[in-house]
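Have a look at the structure below before the remarks.
So that you can tell them apart, the chains are marked A, B, C, D and E in the order they are listed, and the count of residues begins at 1 in each.
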Amino acid sequence: MVETHARDAADRTAATAPGPQLPLRARRSRLSTAMRPKEPISRPLALALTSGCFLLVLALWSIVSYGELVDDLFLPTPSATADRLYQLFANEGFAGDVWSSTRRILIAFALSAVVAVPLGIAIGSFRAVQAFIEPLVAAVRFMPATAFIPLFIIWFGIDETEKVAVICMGVFFPLTLLVADVSANVQKNLLSIAYTLGASNRQVFTRVLLPACWPGVIDNLRIAMGWAWTYLIVAELVSAETGIGHSILNAGRYMDSETVIAGILTIGALGLVSDALFRLLHRRLFPYAKGRR
Amino acid sequence: MGAIQIDRVTKVYNADRRDVLALDDVSLTIPDGEFGCIVGGSGCGKSTLLNVIAGLEPPTEGAALVGGRPVTGPGPDRGMVFQSYTLYPWLRVRENVEFGPSLAGTPAKERHGQSDELLAQMGLSEFADAYPSELSGGMQQRVAIVRAIANDPDVLLMDEPFGALDALTRSGAQRFLTNLWEQRRRTIAFVTHDIDEAVFLADRVYVMSPRPGRLRKEVVIDLPRSRDPEVLTTPEFADYKREILELIHETAAETRA
Amino acid sequence: ACGSSGESSGGASTASGDKPVLRLGISSYTGYGPYFIGKEKGFFEEAGVDLRPTVVGDDALQRGVAVRAGKLEGFATTLDTVINTIAKGVPVVNVMVTDASDGADGVVGGDGMSTVADLRGREVAVQEGTTTQFLLAYALQRNGMSLDDITARNLDPSAAGSAFVAGRVPAAATWQPWLDQAAESGGTVLASTKDYPDVIVDTIALGREWAEDNPDAVRAAIAGWDRSIEFLRSNPKEAIEIMSRGLDTRASDIEDQLESIKFYTSAEARRLMGTADAPGPLYAVADEAGRFWSEIGDVSTAVKATDALDPQYLGNG
Amino acid sequence: MVETHARDAADRTAATAPGPQLPLRARRSRLSTAMRPKEPISRPLALALTSGCFLLVLALWSIVSYGELVDDLFLPTPSATADRLYQLFANEGFAGDVWSSTRRILIAFALSAVVAVPLGIAIGSFRAVQAFIEPLVAAVRFMPATAFIPLFIIWFGIDETEKVAVICMGVFFPLTLLVADVSANVQKNLLSIAYTLGASNRQVFTRVLLPACWPGVIDNLRIAMGWAWTYLIVAELVSAETGIGHSILNAGRYMDSETVIAGILTIGALGLVSDALFRLLHRRLFPYAKGRR
Amino acid sequence: MGAIQIDRVTKVYNADRRDVLALDDVSLTIPDGEFGCIVGGSGCGKSTLLNVIAGLEPPTEGAALVGGRPVTGPGPDRGMVFQSYTLYPWLRVRENVEFGPSLAGTPAKERHGQSDELLAQMGLSEFADAYPSELSGGMQQRVAIVRAIANDPDVLLMDEPFGALDALTRSGAQRFLTNLWEQRRRTIAFVTHDIDEAVFLADRVYVMSPRPGRLRKEVVIDLPRSRDPEVLTTPEFADYKREILELIHETAAETRA
């Protein structure tokens, strides 16, 4: 994610300034280089900055909580949260909650993707399909999944189906539009060439358009994963006996803010893991696509 | 086999409510087995003409005929090579070359034999398992040409295939193409904006003029085959080049007036 | 838990055996914990009903939606909420009183407020259409006021509690543990269900038709509940553990909560509900709730106690 | 959004097939053309398809509801919904709800944009900023805004501020990442040229990088608007006395599905309007950027 | 004013953990006021060299000097024109041209006078208020050149500025540039992969060889000024062209070996 070059940027600029005036010049250009848009920085510096940011957040949190600037009823200390996190996993079967949330996400995500990807590809590829369905999808995209919960209870009941439906509702429509963009951006020449090589419409679709779309699709699935977590919490708000969202909400009810924060951090961590997995998948599936982030 | 005939073709694009007359009543013939080059300034309809022959764009009026049959859509009898690299990035070089035959259902064994042979002939054997992104631009264009050839089309349509190559790579690619053509003698319609390239490659050069796109003149290049780069510095070559350049300048002047 | 509810989603009303299935919507409120005791210990099975407690959110009215949609046979909630649900056209009936809030719900005030009367003209966080709103209205009415005499801020009860503790609202209608927390943070509990016993009571509300068709199952559910309460009283430690697991709530929180809940068995329920001929004290509360919901304009007609309470299944002891 | 050409696609293909065999060929190629990826269609056909889709949805809705295939408690009829919609606006001051929701969205959106756009541009432009803050933003993106509601109530109270904060929380992080992408994609040559024309780092930033980013930024703001509505509903779920979300949720509790559907449709319509406004803004602000959707 | 001196410049790129030696100990001088062309196959470091002179890339070793002063960063004394159109799309033609002076705080009135004059000289007056997207590629590149000139740099650095233009537009642009240069006599470093273009434009052609990028030879082009397109068909021209082509072919052969 962070592009770096092995040598320090400041060193490199300094190298252009020969002679005795180097110290002063080097100092000036060090600053000026850091301020230069798109100038790469060294990998160690990048790592230091990234950790620095997380440490800074931790430090702020510590000051506010240990320093009792905020009641620990509302913001527990880092150590209390860590302890709670340990307790949750070690003794309270939190792993089960994590799993049931993850399972809901995976099912909903798979269902959404299974429909959104083909539909999106069709929208981006066939003007008729686009004209037919895109405006509807664009309108529904704005309709909040949360508002459908009462209807979903009626239609799907109160078990897993309903929770999965809420996530699907939140993920499906924007994902469809993103995938439509991907397939609309496939170069027309790639298709034209296939026709001149004797491909039927069907072959152009399956053997050119689809493979050309996959890398972009995987990228957008990664982005959509973030939304899924948001809607999961909304879904678990209404009815659930398990799940991270359920734990967070239950804990909120019993003034257990350690658990609330522990749950939120768990989701953040899971998110980063899913991001990383998607990036790995991308690299594995598309060895030919280099230089993507 | 196939001569290419363009019969009174007019092509109007409907862009943003404004109609663009891209081709205005163009007729020309590239005889069977000849190498035709189409030159002209930007926007004179060269690409449009090629697309009409390929069947990728229907003409508004008139018709294109290949081997005497009217063109109604794209097909494997007319191979195409574009300027920008259009190899399939997810396929290895060999798979790109075999793409056409595999569409037609040619058995893998037969395909491999053919692609091995072609790649070897073209000095690309060692890259058979590479992805396009691992090749230089020149090599990519060579693969694109091999891919078109592997499908054994009656005619080859090439739209500035060497436009993005540097001088050295380009002259290599030109030699590669002429060798190939001398072996196989397919009809070729080759679009370029490099006059040197046109004169060096062609049996006939078709000079077009822009706005609206019209055929200005057909120049028969009567230079002996096989040509090598030495021909570039002969006075005959210089004469052809001057003639064509003047034609183009004239058309430009007319258009501006 | 998801597994079992998944199986029953087909809406089948008879179980694997001959025992009718009773899917009962609950929330994670401690007062509904005994259902898990009865289920785990087999008290319901033995009595002749396959009762399956199912957590459906904090919002009791959504349990009503689920009953109407045929996703549940019944639900447990407060009497006032059932009245509200009936008013919306969901044909359910209360067959049993299971517990009473004994300090679990209340109204807190800060800023030197000490009585309900001090609420006049003040901002009070209270969620529309919920039990806490009913309790607030009840308390106000006992003090000669009504909801019109305060400025209501719509806020879910937990959020109301935390907003009060954080000093974001001068008063709030909320529940435990926020009431205790509010008192600790310098607030005063102006009114709670300790002051108004048997006003906020939890009941078993069943689809009217289902209850009529399965009277034995209803009686079995009541019998199972009785045994669960006996178990809770005799084996509190194990019972709390079962409840903690079922409600996914810490045992210590459950213990704290139990202090503000008064559980009833069918004997006590008979006293509160009475019989058709000799209505118990709950009829008055039910009538009041019916009036309340129709007055604040959510529904057009006031539900009568006789439409909401059906003591026939309690038997005669 | 729908690209069309003035002449019918089928006609154009047919024109290539001369002579007497035209009818048969034309019919075959009409179908085959429609199936050809990226083939343009005529504007009237596109319009017909778009309206067809909405009419189809309406027809299905009518069949299911008037045909009483579904209890009208759960799915009201179109006419009942329309009637309700009229009642809401005419007699129940629904316009006030619409306005208070819209106001929340606008404020939250403006606040998010005011921070996310500069921050995103900085992340995309300065490697150091990127290394510092992007991983944090990426992690927080997954943390559901809903889970923060209790904390927000404590920090911001129960007024508008809290609701605005929830929307900001939901919109800010993903928007920042999108804007970062926009600025990372600005061609480096545009900046280089400015340096050779004597620009300072500051001038390169303000006079090249910023103007180069605007079109993409506006595009992404349009997309982010969709999320804002979702979070609005979440915010109004917990605490609100007014707003479309409040109306929907309240109605949902009371099984008043006419109002639920009416509210959802209103949001969909508002969404389409905001989409259209953003597109118009784009066209007005960036007359030089042609061919964008 | 400024001669361009490259003094033992080595440039190593660190790409993906693999180091690329883009320039290996390159020294060359373009005398003050001369037109230098740099040619060579793809990847021989032409662009890198220009970037080092511009101050956009620091050399790993050695130094570039312009007008005797060492280069430490980009500055307005060295104007740049790239191949791909780098006009600012949100600025009108006039505003693009005035971009440099406006950065320096030149008053609007003065700026306008100067840009009006330049645009008029270059036949671009009627497009002063157009956006770049409304211009053809050739016109865009002319505006890019005018923009560099308007800033009155000591030297002009041009990286394949005409690479994307068609033959006709290209020869127009070449004449435009030579006229300009003959009037103003700035030192120019011009990268191209078109040998014709190099010989036609340059006082000196620097031939580079790839992997690693080295200066192969400096060829002094002793053709009379002002040159017109006729010169393209003279035997002297052909000789220079052949010499350079052979140098390039040799380097290519060596690299392959």
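In the analysis below, a residue touches a chain if its C-beta (ideal position, glycine included) is under 8 Å from a C-beta of that chain, and two chains touch if they have at least 3 such contacts.
Quick caveat: nothing in here was measured; it's all calculated off a predicted structure.
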Chain-contact steps, minimal, separating chain E from chain C: 2
Which other chains touch chain A while also touching chain C? D
Relative to chain B, chain with the most remote C-alpha centre: C
Contact pairs, highest-scoring chain pair: A-D
Based only on mean CA positions, could you tell me how far chain B sits from chain D in angstrom? 44
Can you compute the centre-to-centre distance for chain B and chain E, using the mean CA position of each chain? Integer Å is fine. 31
With chain centres defined as C-alpha means, what is the inter-centre distance between chain A and chain D in Å? 18
Where in chain D do residues touch two or more other chains at once? 32, 73-74, 150, 154, 252-253, 255
Give me the residues of chain B that touch two or more other chains. 55, 73
Note the residues in chain C that touch 2 or more other chains, in rising order. 59, 62, 65, 68-69, 158, 162, 165-166
Please give the residue numbers of chain D that touch chain C in the complex, ascending. 71, 73-74, 149-150, 153-155, 157-158, 238-241, 246, 250, 252-255
For the complex, give me every residue of chain A touching chain D. 1-4, 32, 34-41, 45-47, 49-50, 52-54, 57, 74-75, 125-128, 130-136, 138-151, 154-155, 170, 174, 186, 188, 191, 201-202, 204-205, 209, 223, 225-226, 229-230, 232-234, 237, 245, 248-249, 252, 257, 260, 263-264, 267-272, 274-275
Note which residues of chain E are touching chain B in the complex, please. 39, 41-42, 136-138, 166-169, 171, 193-196, 229, 232-233, 235, 238, 241-242, 245, 248-249, 252
Which positions of chain B touch chain A when the two form their complex? 51, 54-56, 73-76, 78-80, 82, 84, 86, 88-90, 99-100, 103-104, 131-133, 147-148, 151, 153, 157
What does chain C use to touch chain D in their complex? 59, 61-62, 64-65, 68-69, 88-90, 125, 128-129, 152-156, 158-159, 162-163, 165-166, 168-169, 298-299
